[in-house]
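First chain A sits with chain B, and in the next complex the same chain sits with chain C.
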Partner chain A sequence: MSEAITKTGGLRVTGRSRGSRQVNTLPLLLPAVALLLLWSVLPLLRTLFYSFEHYNLMSPPAVLNGGLNYRYLFTDVSTWVAIENSVILVVGVLFASIVFGTLIALLLNNDFPGRNVARLMAIAPFFVMSPVAALIWKNLLLDPVSGLFGWLMMLVGLRPIAWFSTDPMTAVIIIYSWRWIPFATLILLTALQSLDTDQLEAARMDGAHGFARLRYIVLPHLGRPIAIVIMLESIFLLSAFAVIYTTTNGGPGDATTTLTYLIFIKALNDFSIGSASAAGVFAIVLANILAFFLIRAVSKNLQR
Partner chain B sequence: MKPSISSRVIFGVLAWIAALVMFFPILWMLITAFKTEGQAIAIPPLLIFPPTFESFLAATNNAGYILFAINSVVVSIGSTVLAIAIAFPAAYALAFFPGKRTEFTLMWMLSTKMLPAVGVLMPIYLGLKEAGLLDTRIGLVGIDTLMNLPIVVWMLYSFFKEIPGEILEAARVDGIGPRKQMVHLLLPLSGPGIASTALLSVILSWNEAFWSINVTASRAGTLAAYIARFSAPEGLFWAKLSAASVLAVAPILVFGSLTQRRLVRGLTFGAVK
Partner chain C sequence: MAKLVLEKVEKRYEGFHAIKGVDLAIDDREFVVFVGPSGCGKTTLLRMIAGLEEITGGDFSIDGVRANDIPPDKRGLAMVFQTYALYPHMTVAENMGFALKMAKVPKAEIVAKVSQAAAMLQLDKVLDRRPKALSGGQRQRVAIGRAIVRNPKGFLFDEPLSNLDAALRVQMRTELVKLNKELQTTMIYVTHDQIEAMTMADRIVVLNGGIVEQVGSPLELYNNPANLFVAGFIGSPKMNLLDGEIVARDDHGAQVALADAGVVTIAADGIEAGPGTRVTVGMRPEHTMLAESGPIGGVADFVEHLGNETLVYVKRPNGGMMIVKADELAGIRMGDPVTMAPRTDRASLFGPDGRALIRRTFHLH
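== the complex of A and B ==
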């Protein structure tokens, strides 16, 4: 389509159109490009610069200290604990999102009474802001004394679990999963709706059973969207912040301190800008490795 | 060979169970919002009780809450209007005048979204501080605009791509300049696309919590920051908190439900349609 434009345009006003095109698009693109450059490159350079400084807001001035921040970062046990916590959180939520997201999307893709309402209900948690999601679960559902789940456990003769002191990471994973399963459901449901129904019909005529149709037609069709969900959710979850801030503050101890949360503590609790920035650079490198794969997937789509 | 009636009933029931399980926490919050504080922490939990608006009144009859609600509205609408105003011409240029660098530009914009916010927390925080923009609506509008700009460009771009280029081409041949093309042709032609893009941007800004918590305090905070800080007195005021939360998520639940399918495009950068 775009080629058609340039071709017909070229026929009518050859030469001039080419020139004017180049002159014209720059001012259109400039505001967006300039602002995004400012937003992405400048702070990045400053973070990189700070990361080589000993700089604490409480005890200025800043002095260059070579790679000392990085050496402390990688020899500090809490860094590795934080990385482990990040990995557990990301993997846990991803596992739940893919398994339950796919199952729910497949169920909701069937024809049944009230399907549209059921879809809205299943996807609704994605639109609930993280602090609210965190507090619904922390207070109303998981609280060992007055929470609904504690009461349900007592009903069946079990002792209520004080989630946020005995198993805080599981609680955090549950809350994030509740928000991100619907995201997977939404993406996969949309992908399912673009599945060619003729193909399914043909397979049905040829006698392929429900399971065979699912295994050989539906699931392969979901491969790419699932990969996209995995990448988008990993990038988001590596930066997960608000639920931890609202429920556990990274604790007890460092039980729920992820890499993101560790950087936040270093930066705005300890005001040690140098070491926060070194950890920030490390987080950026990690995110970029993930982003590389996502961008490759999206770019393939652009070329189609 | 049609699937048997019984299996259809079973799958329908399972689908409803799944939907109800996912929705239950929201429903429970809604129920709690209509209780008194005493009823909210009662064990066994009360299912049947005379509903009261007491908690809604108490939650909203609070200067802080009103201010933060206004901030949420101003910041999400302000950043959306700005982002669309900046992204619209850019998406127009990218969609209708593709050049050698178009794909690179789109990919580079996408890559700025991958930058973990916490990695640039310090420079942004200090930059706002130096500029006197810490805890101001303008500062937060700026952050949200830039945060959503790549998504807005991408989403508009994907909607513009569906408009036949011949229409704009005809206008161009008649000597109509880009400004008029955008205002008189593209704007009306892509109305629904712009609306869904705006909706996604509003949803993302409204729910944004990281920056709101970190660069605002008592003056420019949004509802997300208000509720995150409300949590401090442990286990107190559940009914009031639920009422405040219901009001904070209700508009976004409605907006989200209106356009869920179109949102996918923006959320996945056009990779899933």
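== the complex of A and C ==
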């Protein structure tokens, strides 16, 4: 799914900025484009084909069944629940990444003893593999009996929360945020460091302090990197899978079943390749619609 | 309106003494230029005046009020940065009005002030553009406009023209001087370009290694350099400096025996040294003449015809070089032997410590 997004996006952006060049770049592009076609378009076509078949691994052979897979897909309530879950996950994590990423980046951009160590620590979660992070969070932090947070809540006299049964989506969002806030922090911190000191001093002469400085000088400067964070993180989060698989298996019920996870269930729990493919094609279309608007917004931001 | 007074102002960085006690009084409406070689502390001193750099010693006052600890936006001084430091995400109008917006000035008033300044700087057509869509000269003017709009007591410029091409630089030079007269405000201008200093300044402050070498009007610095450093720094091409020893002295001047050359006469009413003093004679290229049987000999090494004048680079027997500004019709060619003499009433004389021994009063006629 993510490949499809990057592909459309990539072509769109380069196509716009190339216009003025005279050199014929086609022969130079051809090998890469051919490889890309082979690598991404062929599987896509194959998926498209499967999506029109009744193809269940438990009851071969596969037979064409017209648009039946799609009819079932669109009439199935769980599809819309999955889409809603995907949106909640992406928006939730994006919100946390940008708010906390900006705050942490602003904090780490100050001068204080041990700054380099603090920076390293702040970035480190990004390098922990998703399943490992998920397991640590599930068993050592969020678990109501053996988890750190449960223990802390007991210390202050509260009942520990069984996150994965009472509020599983929030738990998944917390874990993904923990992984992706560092990414946002990294990008925003480098952006902060490239903020022209003369500009900051001019702002000082102009009487912009504290919040005004943040509002009128620093945040506008972060507009671009925030746009980039939004784009990259949406791409990755739409195809998020590992944490859900390791912690909730999409449950309880369908509480954490995202579109990606739904496709997985269809294909590898129900062995229904045909309906999984139909859901996959639908996901690709959705992702490309999203990518279209996203890329447009971001490139507008980049052209400023 | 601002009278700025610096008393024994110092700046110590950790492990580096950048400004070593500067005394300076800048009058209201004056156009003062700080000039000096790279690293001498011009920017540091200007930033201390602006309030962007802490003053670590001495006193600084604006209109008689001690200003050491007043924050930069409350000093009533506006600064124009070398890089312009425009806010890239704001339009020209927003850039210019930003300080007023921060000061919570009513919107209508901001608009009025911005358009007034824009008209003055011919920016009215680009008010809605972002800095990126401006030429270098326009950006420069926006930076100045941003300062004007604040209606400051004084302007501080840090090499504001160094990013412009030569023609624009000359034009902006005169425009800045005009602005100084129009706005009737104090201006401090930092440059390492002595032509800018000479053409713009009411008074020039020559800095070197964190100390003030001399303060004076351009002509004062040119005619009466206080020491060898100023003599060498002001004037282009550089002043010729020759070592020698005073051999005779009377009320009208002195005779100096030059090393590797004859005796030259220097006319001056008072010379603060007697016979036997080791001195350095300074003569500017335009005050060095090609004279038959002059006391200073050499060979024309290189001749530059600039049209309005001719520069002759003379190689002395001792290996030193001298420059003579000659008549273009002098007919000197490379390799010709030449003899030179100073204009006795314009040559300078410096003592062993590098300080000037003569001070002349000049009357313009």
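Just so it is clear, the second predicted complex is superposed on the first by the 258 of 304 C-alpha atoms of A that agree within 3 Å, B and C clash if a C-alpha of one lies under 4 Å from a C-alpha of the other, contacts with A are read in each partner's own complex, and residues count from 1 in each chain.
Throughout what follows, a contact is a pair of C-beta atoms (placed from the backbone, for glycine too) under 8 Å apart; a residue touches a chain by one contact, two chains touch by 3 or more.
These figures come from a predicted structure and were not determined experimentally.
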Where does A:158 make contact in the superposed view: on chain B (first), on chain C (second), on both, or on neither?
neither
Pick one for A:87: touches chain B only (first), chain C only (second), both, or neither.
neither
Return first, second, both or neither, reflecting whether A:288 touches chain B, chain C, both chains, or no partner chain.
first
What is the contact status of A:121 with respect to chain B (first) and chain C (second): first, second, both, or neither?
first
With the two structures laid over each other on chain A, which partner does A:216 touch: chain B (first), chain C (second), both, or neither?
second
Of the two partners chain B and chain C, which one touches more residues belonging to chain A?
B
For A:202, select first, second, both or neither according to whether it touches chain B, chain C, the two together, or no partner.
second
Need the overlap of the two footprints on chain A, from chain B and from chain C, as residue ranges.
204, 207
Within their complex, chain A touches chain B through residues 1-2, 4-5, 8-9, 12-13, 21-22, 24-25, 27-29, 31-33, 35-36, 39-40, 42-44, 46-47, 50, 103-104, 107-108, 110-115, 117-141, 143, 145-146, 148, 151, 178, 181-183, 186-187, 190-191, 193-194, 204, 207, 210, 224-225, 228, 232, 235, 238-239, 241-242, 245-247, 260, 263-264, 267-268, 273, 276-277, 280-281, 283-284, 287-288, 290-291, 294-295, 297-299, 301-303
Chain B contacts chain A in the complex at 1, 3, 7-8, 11-12, 14-16, 18-20, 22-23, 25-26, 28-29, 32, 40-45, 86-87, 89-90, 92-99, 103, 105-112, 114-127, 146, 149-150, 153, 161, 164-166, 168-169, 172-173, 178, 203, 206-207, 209-210, 213-214, 223-225, 227-228, 230-231, 235, 238, 241-242, 245, 248-249, 252-253, 255-257, 260-261, 263-264, 267-273
The residues of chain C that touch chain A in their complex are 50-52, 71-74, 77-79, 81-83, 85-90, 98-99, 102-103, 130, 132, 146, 150
Using the touch definition up top, name the residues of chain A that touch chain C in the complex.
196, 198-199, 201-209, 212, 216-217, 220-221, 223, 304
